[in-house]
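Just so it is clear, A, B, C and D label the chains in written order, and each chain counts residues from 1 on its own.
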């Protein structure tokens, strides 16, 4: 377990130059807020769904460590344009990877696979998952017909 | 530390044939009740004081282990006829003996000296002291001009 | 491997010692059990390799210690057959577990017109918290009486439940004085029949160490255990609860780790079980308790029960056959665990205890924190010998010898 | 003997280990200290020689264990300069000690119209119990603000006390985040001036381990300590109280050992401190805590303070001299203890903590259970390095190296 396993260059790139980071989204369908007060992490995720049921736009904003921010950034890229069911499945693949499984859709996860090493740092798994869990929640909120949801994690 | 140190023949004699054990006392001046609910010990002590200020009669009644009952019996014998101050001093001598000191008035304590070995059994010290503490309380109650008092010990 | 207490004893350091040249015969496991070497090793591992605080440490030793602490929760859940790890709250002992329920559930929900049902053979730990709450909140305390055979009087219980006002039932799984194994499943069913919303707590302090417990099958809302009686360390116990009960409870002890957010205006409680574990928990003790569960399961809880059932029968038969000895407790071995209370004619329990100490035999004498039961038995104190996996028939002779010596000294 | 941390370290097993081939540099003693061998030996003595329950056992090993348990109470009283051994109540940690006071004193005595004064730098343990009680009982919670120099604003405190309605004062002796040593004697005097009957509690969790504490001189009503931060074991803490305060308090946790008599109609509470120690206490832990007091006094509390004061100055100076590092906390070394909170520009504390872990350095990152203070500082989290007797300047380089590495990785 070395620091290089954790902080790969791909991760640092996403951290330094995040993709799809924005405080608002025009015509947003859903806005979810996820926070982990115990870490001080905050994540706002906004999605817009196209008429054909695909993720038209996914943007995040928030505060947190490099892992949480970079993972959210990589996530927005990986799920862009996917239909909702597919995006949920990809989120599940990522989640399982965080619990030590081989990812079955490494190509689709794109830069997300760079986070595989995080699985070996149990306290950081939650950081890497924050964006993906917010996405899942946003999609489920959309499917319920709601437009906003807020989640607070415990330890 | 052997059982013989604790249960000397003198002690057993007092236990089997207690002196001055009675449930009441004619013309009693003071009646005190001491209990140690944690042990289940109960001690009723009654005294009568003569006009000349001497202990005219001391009787006890109660429930408890051999040490507490025998010690109370030996106490009633040792203090009979003493003036109140003297009896208090003797009680103090006994108390100090229970804390490991040599008794300074071994002769006056009479059979009370047989309890010297109890000092080596810390949990039983309280048993040996029960009667003596009741006596002290009875005398102090008398001196306060009261006729009854009740004390509950903690552990 | 056959069940061999003499071999098992080798793992218990205090049982290796002598007192005045005599082998220590430990017959006080109902007060506190001995602790086997693997439990001590687990605690040493924490102190020697992983000493740090748990929860939220981002460095390795703290992460590993945290993982082990949470693993202990899981292990205990499995040990007592609790369906949900999230229902396991670590406390300092079972008394704190019961108080937690008294403060956070009973005191906040029961009031005048309500009743709480306990039994006449409860340890003070499962009596005083309810009594104190009843005083403050004005609800009624009802007590299931005991039969002449030292068992719960279920007919009387049914009558006490009949008006449907019993909203909470608290009962010992096993009596620490009589050894009686109570039919808690029947009592819980009876209470539910009278009031489907009744909430139930089982004090498992004397059960979990001695036979397989299946909390899911009992279907009680709360089950309490204490580490130091089940081969574990001092300083730890647990409340095992249905998660939905914990969800509806405000916290009891408050402080660090049990909140999500705090400002002067608002506090957001953490989710269970963390909501109920303020502050730095008993970390080394959790390591030890996990190892105790492993140890007991490796020996085999079924085998422990069988051994104790047979051994208690031997002891009770021998005591009953001894002149001047009265045994309190059920005669049916299937209904009794290894705590044996008895009296010796003409010998005060304190004198008996001291006498036995001279034979290297450790028994408990006194009221055993069950004064209401003592009143029912009509005594101030009893002597109690209690058995565990490391006892065997070798321990009987010193006990009988000491009793005989006491009788010859005092009762003539 | 001169004070030599490198020699002292040899007695702390976890400090002997390596992580990834690097020496473990433990800078998290404010969360939990390391435990020296004599403390582990004392606990082993209990488990290996004297394993039994305490109080009322009539056999030798229980008598000896009971004596040692009570001796630990005496020892702790002496360690903190408390005049009365009877004022020492063992709890599972300082959080329980504070909750005891919240439940048995504050909740029963404060109500609408009353105020309770705390400070803006309290640990949640000395904040949430009062907040919760205030919610339930309707009294007012007032908070002493913090100056720009990270010290208590005593002028503001005076103003908050002026109306005489503050009936209870609760204050940290030392802040676990800022390291500030608070002038608790001055604050107590000020509170007494405004209301002679004010009752005071000092949270000594971060003080007792680090410098000589004289509870008698402070003249506070309650003082809390926690074992695991003072070279002692987990699972034990204590409330040190004026006996007359304890006398007027009903019990908090109820159960065995804390009553004199129990019937269905009436319960007679035991005298303090036993009234507040229901059930089987943390026995092994008391053995350990006694040994911890012996250990600390043998090293010398004055010397520990001098060492830490010098070392913290070295650390703070070095950190302040490091580009991009901000240190939170007083500059005057006489007013600060060994907890150093800091931020590194452009590096999230979690990343910093993880990075340092790679250098074998253990620090804490997060809100340190002091969210209200974090709000005042305007941050979500800080990094905190905290020092103890076994740290020395050898520990500085790995810290600075890790910070530099983190900056070059994240902050470019």
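Throughout what follows, a residue touches a chain if its C-beta (ideal position, glycine included) is under 8 Å from a C-beta of that chain, and two chains touch if they have at least 3 such contacts.
Since we're looking at a predicted model, the values are computed, not measured.
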- Message: Once the contact rule is applied, which chains count as partners of both subunit B and subunit D?
- Response: C
- Query: Of all the other chains, whose mean CA position lies farthest from subunit A?
  - Reply: B
- Could you compare the number of C-beta pairs in contact for A-C with that for A-D and name the larger? A-D
- Item | Distance between the centres, which are taken as Cα means, of subunit B and subunit A, whole angstrom | 80
- Query: CA centre of subunit C versus CA centre of subunit D: separation in Å?
  - Reply: 31
- For subunit A paired with subunit C, centre-to-centre distance based on mean C-alpha positions, whole Å: 47
- Note on the structure: Rounded to the nearest Å, the gap separating the Cα centres of subunit A and subunit D is 39
- Note on the structure: Multi-partner residues in subunit A (2 or more other chains touched) are 1, 37-39, 121, 124
- Note on the structure: Flagged in subunit C as touching 2+ other chains are 56-58, 60, 257, 261, 350, 354, 366, 371
- Query: For the complex, which residues does subunit B have touching subunit C?
  - Reply: 1-3, 6-7, 12, 15-16, 37-42, 63-67, 121, 124, 127
- Query: Residues of subunit A touching subunit C in their complex?
  - Reply: 1, 37-39, 121-124, 152, 154-155
- Task: Would you tell me which residues of subunit D are touching subunit C in their complex?
- Result: 12-14, 17, 19, 24, 26, 28, 31-32, 34-35, 40, 43-44, 47-53, 56-62, 92-96, 98-99, 102-103, 123-129, 131-132, 141, 143, 226, 228, 233-236, 251-259, 261-264, 267, 278-285, 350, 353-354, 356-357, 361-366, 369, 371-372, 375
- Message: If we count contacts the way the header does, which residues on subunit C are in touch with subunit A in the complex?
- Response: 55-58, 60, 63, 66-67, 257, 260-261, 268, 270-271, 274
- Message: Can you tell me which positions in subunit D touch subunit A when the two form their complex?
- Response: 20, 348-351, 354-355, 358, 366-367, 371, 374, 380-381, 409-410, 412
